[in-house]
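What follows is a pair of complexes built around subunit A, which joins subunit B in one and subunit C in the other.
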Partner chain A sequence: MRRREFLKLAATSATGAVLFTGCGSIGNGNPPSEFKIESPVWNPNDLRYGRDAWFATAAPPSIGGYGIIVRVFEGRAKKVEGNPDFPINLGRSCAKAQALVQELYHPDRVGAPLRLAGQRGSGQYQAIGWDEALGQVAGLIQQAPGSTLLVTEPLNGALGAIVEQFVRATGIQHASLEPDERVVLREAMRRAFGVESFPTLDLANARFLVSFSADFLHTWISPVQFARAYGAFRQGRPDVRGTYYHVGPRLSGTAANADRWLPIRPGAEGLVALSMAQVMLEEGLVEEANAEPFFKALGLTPEQLAADFAPERVADATGLSAEQIRELARAFAEQRPSVAIAGTSAAASTNGLFNLVAVFALNYLVGSVGSEGGLILNPASPLPDELPANRSGDAYRRWVELARQIAGGQITTVLVHRANPVYSLPPASGFQDALRSAGSVVSFSSFLDETTMLADLVLPDHTLLEQWGLVVPDPGPGYQVVAVQQPVVNPFVDSRAFGDVLIQLAAQLGKPLPWPSQEEAVRALADTLRGLGRGNVAADHPRAYFVTMQAQGGWWDERARAGEASPQAATAPANPEFSGEPGQFPFYLLPFPSDALGYGEFSHLPWLQGLPEPVSTNVWGTWLEVNPRTARDIGVETGDVVRVVTPQGSAELPVYVNPAAMPDVLSVPMGQGHTAFGRYAEGRGVNPLELVAPQVERETGALAWAATRCRLELTGRRMRIARLEGQVPAFQLEEFPIIQVTRPRT
Partner chain B sequence: MPRWGMVIDLDRCIGCGACVVACQAENNVPINTEDVYHQRRAIEWIRLERYWDGEYPDIKARYIPVPCMHCQNAPCEPVCPVYATYHTSEGINMQVYNRCIGTRYCSVNCQWHVRFFNFWEPKWPDSLKNQLNPNVTVRSRGVMEKCTFCIQRIVKAEHQAKLEGRDLRADEFTTACAQACPTDAIVFGDLDNPNSRVAQLVNSAVNERGYRLLEDLGTEPSVYYLKKVDLEAPVEEHSSHQG
Partner chain C sequence: MQRYFRLVLFAVVLLVVLAIPVAAVLARTYFLAPTAQPVKAQPIQFPHQVHAQAMGLDCTFCHRGATTSAQATIPALEFCMNCHKVIPWQGRPELEKLVQAFESGQPVQWTKVHQLPDHVHFVHAVHLNFGFQCADCHGDVAAMGKPGVKQVRDLRMGDCLTCHQQNNARTDCSVCHY
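This part shows the complex of A and B:
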């Protein structure tokens, strides 16, 4: 037997072994032998032994869709780096992208198609073949296409195009799930600027930045893009150091970098912004001509602004002093170019849309919309019809309606790809209960997450490093960009690309899609880019064109920028509303997306679980952040377990005394509380969405997860919080300071 | 002969932890499980420390990434009875894993606590072993490990330069932490090459922000920090005590 044949055989048997272990576990033991000699990896044809190969591909759209390169050694992906040529990140990357290799080689990946072999939710599955699995799904769709619902992440790029075609051809319903504050942000962009895509910031040229609760360096829309610019904002210019103020109810990992943090009441972001505008106009700090679009975006008259939003009038409601608001307004108006952004919890209030529109409209006042050092709007996708950028996810309100339809039997079959609605929607939505009773549930997830645990059939998807794709990063860098995803390794288990599955299903249903495979779709759509005759790729032959795109990681056209922006619709001022009477529930409950785990979609990766949350340095769990004085008044300290009670429910959490917590705000990180999703995610911590009342943003219907009040009850128990702080004795000593600070040079 | 060193700009650092995970991915650092944290035995060759300054509402949280300082007068080196901890000719404080007998004297003598002992055999599920970097030894139980300035990358670059019959170019490669850093806060390179970015940052008269961690101990660290800029900092200020 030749060596190559032997390897092939070994590969087949290794994959076969996966099939037979049932739930797709790839190996639990730690055998004394460190490595198996035979490779479980199906090696590619172009393998060169002993040499590194680097492949350019793209990070997931949810963390910015930026360009990455992956080191592949003998058929295995080893290391992710940023793509140095890619315009969004220029070689930079983040912890989440680094951890993509752990998703690829995760021990709890679903190794083959599975069929439910017990009660729904029992997690008992039996491996089946792809043909059987596809046949069953095709049968389900054929029975009642109008009663079939497909749930995905927001559509993007080539996969988005395939899904869209599939939905159109088969006539099924489609809904997409993304964190609700992104739904609000998209609507704010539409109303305030008339654009469909997220904005970017020209921080490298800005002098002053104010962020209203937006966690833009860690979790907000495109952290790597902003972080790279932030480095230049601080220290990239010889004579200017940008100044950054943060306004918001929590000193987040991002806010900790601010020159000044102004703690405000949750949901008061828009009020502060309007008051700033009032000061700027009253004191003549901004040009009158710039005021018109500002007033149009908010549907206000100058008289109304002057009458209702003077700092003295709103100070109490915001939690700031009138003087603080005045100083902030002056700094923003005088240190131009200045830019204002809002997001994260600002959008997750009942008045989230108003908060965002009010803050983003401030940029009109200082002339920062689309100008150097300001807020840069992004153009639409270069092929808006063929290659969608992220189409907005559906708001919470629609999910409640869909849950009702599933429970009522109008929707009988639910197909879910990647999204995890059972975890990401609060139980109050009724989605989880509805899905339990649904006629049929099919999941296309790579992992047995909470939603997949309720599935009758699991058709495992490739992970990101195994598949073809075209991604339209949202936000882009201010001009049109498309990233190419390509498989850097052969599939590690018997999974199939979701696009390929849809294409095959469509063919079985007698409604073939225009492409024979996901790869062909990517190639065909890339070739449409060639048809545009612009951009950085120059090649006449389609093949040469695509290879160039692959080699550099994508296509971009620096001249294709957004046009003039103007407000499209007015968003009237509104006050935040909270569930729970202040007398009974004295604290605000403020969930926040976790720096490493996001909204829980990265909780299955051990590197990210073990990465300390920057401010608390806590790991592997959920905690409740309490102000030191509040903690003293209640009589708790770090490690004491308390019961957090909201009008919606209760949960027990350990206290972490956070010296920067506001006295009446209790913060809880999102991302934990998984009941499934692999060994590293399961059974740790609490999902704060189980505590939040089903309050919605009043205009968009998005979930307002920062609009619930709570109270604390002592349990008398204690637990240890796993964290980095205290691992080593490290102190800021007066005589030997660890972190030294200095004044800015003048 | 190069003299490797690093500059970390605290005014750029945002505390994102990309360096921490990049280092773990590059250097086969064992997974820091919850138990490991409870035992206070987490291994992070580069870690992100956070210090509080002030009280609510005038409070600041400040970040500092801490890798091995690669001291030129390293206190960890002379105490090793078996010469497992030694100084390379290129200025790196190196650990020879197969000499190490686990006395942990070096760790006791390190003021920066950047040496980590493997109390247990590192464990990965079989499938995750596919990710391990073939250029880096997996350390076994009873062995001390630490930041190597990504020695495998240095060796590879030097080998390549030798094959091509040339000197190393300034900044032709970098460490995993510096490569990942999204804000460009970490810069690695040859302190003796005037064209390298580290040398320029360290030497430039413009940059009066430079300092070294616990410099007064006289160990001559090869890692330089640039001070955090604070609008309210007193003229010659140190932030206050808090761990």
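This part shows the complex of A and C:
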């Protein structure tokens, strides 16, 4: 290299170095807000920088309404935990409650009242003021109160009281939407035990549990309560480890905990239960005196039971062997206290009510109803007139009728709060099309879900962590409990509590409700509880009483228990019916509520989307669980996309080969397939309800979502299933070879 | 000499060329030091001189969190207005900004003067309870009138460590980096 070239090169690189060092300054890349410090306008009274505060409030009624505590840091809700003082959960909580903070700070939350600014369903909205929004809704109700329908979740607690008063004052129609299996369970409780409330289990003292398809650790009525009790059942006693058998068509996360899983045909739960009863009575394992309520609940005579339900007669229909049924019956009768429950897909068959009644009536036979270690029934609400609880949702049959009325113009205005009928009802119900043609639709949702997308007006509600309420948990712990819900943070956006909106609407319509606001309603109802003169709160002054109740998280009275139970009406045995010819549709389609997303009401929360399904560890999608032998027969493996065809419709799903799947049962998780509902839910997976034929439960008219047959067609395409485990094969390290245990040579 | 002229010239040019980046880095360190920064513009020119010197208010009268928590805290506008609702503000532009912000419910976004490096935690309460005065780190803020407060101490890691060593405080990483 010549000297001149070297100098050129040196000068260039030196200049470059100088230029590059000069670029950027300290803190480069930090957001500008990092360099700002704010003087808030008002001094939050509990604000202490760097210190946290914990507030007690309540989880939503749909996941058990138990007590939670929320960590609040500088005015922001950070973390949800279980309330250690609350009798239902004693400090435990679930992922759905933990994710409530994500709902509060969700990027797609509706921040202000909206008015439709384009075609219905276009999702084009324009923000308007609250006065204008309230005026418009009041106008709609005033036009035709009789043709106005208010859709909510089942009425519960203080908010339920406000809705009830509003409906009564204005004379509008009301319908409540909840998962159909709960409708069936409620009716089963009414018939088998004469109570309106859901039952709880004294697992801490039980020795044997048999669950017929009920996914009680993850999705069935009050999973936190049962999961806590299950811990005590298995490990809480030094000398006894409870035994748990699961009878059902799918190995769910709950079933995977069982000592023994007995796979049966979908809808055969009741048949197995009757056969167990036959064995127990025939072999004299149970007292004759206990048999009377059992026979009354099922409208059978001992002779009919012995003739029609002997294990050998029903074995083929259930998918079990007669010997398996006998073993199950003996285990259930001999390891007392024993308890039997049924739910989830057992309730979602055309004979769902029979399945539930037959299984729950087994508890009569072993004397477990209301006794230690058995099935504990819950009392009614402590204020039966003022504080609604244990209300049943409307069955599918009524929704079809309502859809017809909306389409026919008898119902012109539909108001929807905390319900998403367009997603939760199958398209076969016609509800979506009806809503599309409805006169006006008003939604009170915080998110643009499928129903809200069809709304003309959106009046966003506070999330649960921002509003006042009293929640009557259903099921309770066996005695009367009320949880207090209080705002743990100030409203994050320009939303208003639904109760406040109803109270303001009623005032505008000239029919004022007894309370000036939702908060006042809660305080007034809490004071009525004080008037009962019993319970855990020891204070005389109304203010002290309410503050104590707030700090403890609720009110409960351990002595207020349910009375004697007796069967009220007989439920005759019935066989499940399925839509689709077995020849044409060889498989059972078994949708199941997702452990994390439920029936799809939690799909907008990314923490829950990312929570692995316990058996497959799949996340963020829908899949089809196929038995390995079935998969081999039709030539597919995990990741192959197949078309599932039912008499109702078809959908394309990736196969997940699951060794624990039954050969003729194809399971699909619910919860996905949203076409709206925020960025984390939209356009992901399939909603199995679109495949489900509109079969109804014979007696209650609830949707039997597990009563459809299907067949598979190959598409030749593949996709990768998002899964936590098993994506990367295990590999062997050179230095530390994987130790293989081999049988010693003899 | 003539003979070596080109060689000497080469050496000189080489030294100059190599010295440029060194000088640039040193200059950057000097000029970007926190203490060398000009006084930062604030949305309201708040005179500490009037409040802390002329009226003799204690620092913690407004910065209430200093003795109890990590942050010294900037008071809420509501707190300013406790006094300023009775102090005439008409015709005084800086006070008009305050009243206007309060009435319109608009928080005031101050520019941070003491910006600590990233990844470090500083807890005011611990230092004050040990016996330090505010002025030990912040200088005589009470004497700083308009246009505003200036950082007088380096407050970078070297500064922290020196002070911790002088006062026999712990110097392991997790004291500040947690």
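Keep this in mind: the second predicted complex is superposed on the first by the 680 of 746 C-alpha atoms of A that agree within 3 Å, B and C clash if a C-alpha of one lies under 4 Å from a C-alpha of the other, contacts with A are read in each partner's own complex, and residues count from 1 in each chain.
Quick note on the criterion: a contact is a pair of C-beta atoms (placed from the backbone, for glycine too) under 8 Å apart; a residue touches a chain by one contact, two chains touch by 3 or more.
For clarity, every value in this text was computed on a predicted model and none was experimentally measured.
Applying the stated contact rule after C-alpha superposition, one finds that A:51 touches subunit C and leaves subunit B untouched. When the two complexes are superposed, the chain touching more residues of subunit A, out of subunit B and subunit C, is B. When both complexes are overlaid on chain A, the residue A:330 reaches neither subunit B nor subunit C. Look at A:619: by the touch rule set out above, it reaches subunit B but stays clear of subunit C. Contact with subunit B, but none with subunit C, is seen for A:78 once the two complexes are overlaid on the shared chain. Once the two complexes are overlaid on chain A, the subunit A residues touched by subunit B in the first and by subunit C in the second are 26-27, 30, 34-36, 40-41.
Subunit C makes touch with subunit A in their complex at residues 10, 13-14, 17-18, 20-21, 24-25, 28, 32, 65, 68-71, 73-80, 101-102, 105-112, 115, 117-118, 123.
Residue ranges on subunit A touching subunit C, taken from their complex, read 3, 7, 10-11, 14-15, 17-18, 21-22, 25-27, 30, 34-43, 48-51. By the touch criterion stated above, subunit A contacts subunit B in their complex at residues 26-31, 34-36, 40-41, 73-74, 76-82, 89, 91-95, 98-99, 101-102, 104-107, 109, 217-218, 223-224, 227-228, 230-232, 234-235, 238, 241, 243, 251, 253-254, 256-257, 259-261, 263, 492, 595-596, 606-608, 610-612, 614-615, 617, 619-621, 627-629, 659-663, 684, 720, 722-744.
On the side of subunit B, the complex with subunit A involves touching residues 9-12, 14-18, 20-22, 24-26, 31-34, 36-38, 40-42, 44, 47-53, 55-57, 59-64, 66, 113, 123-134, 138, 176, 179-185, 206, 208-209, 211, 213-214, 216, 225-231, 233, 235, 237-243.
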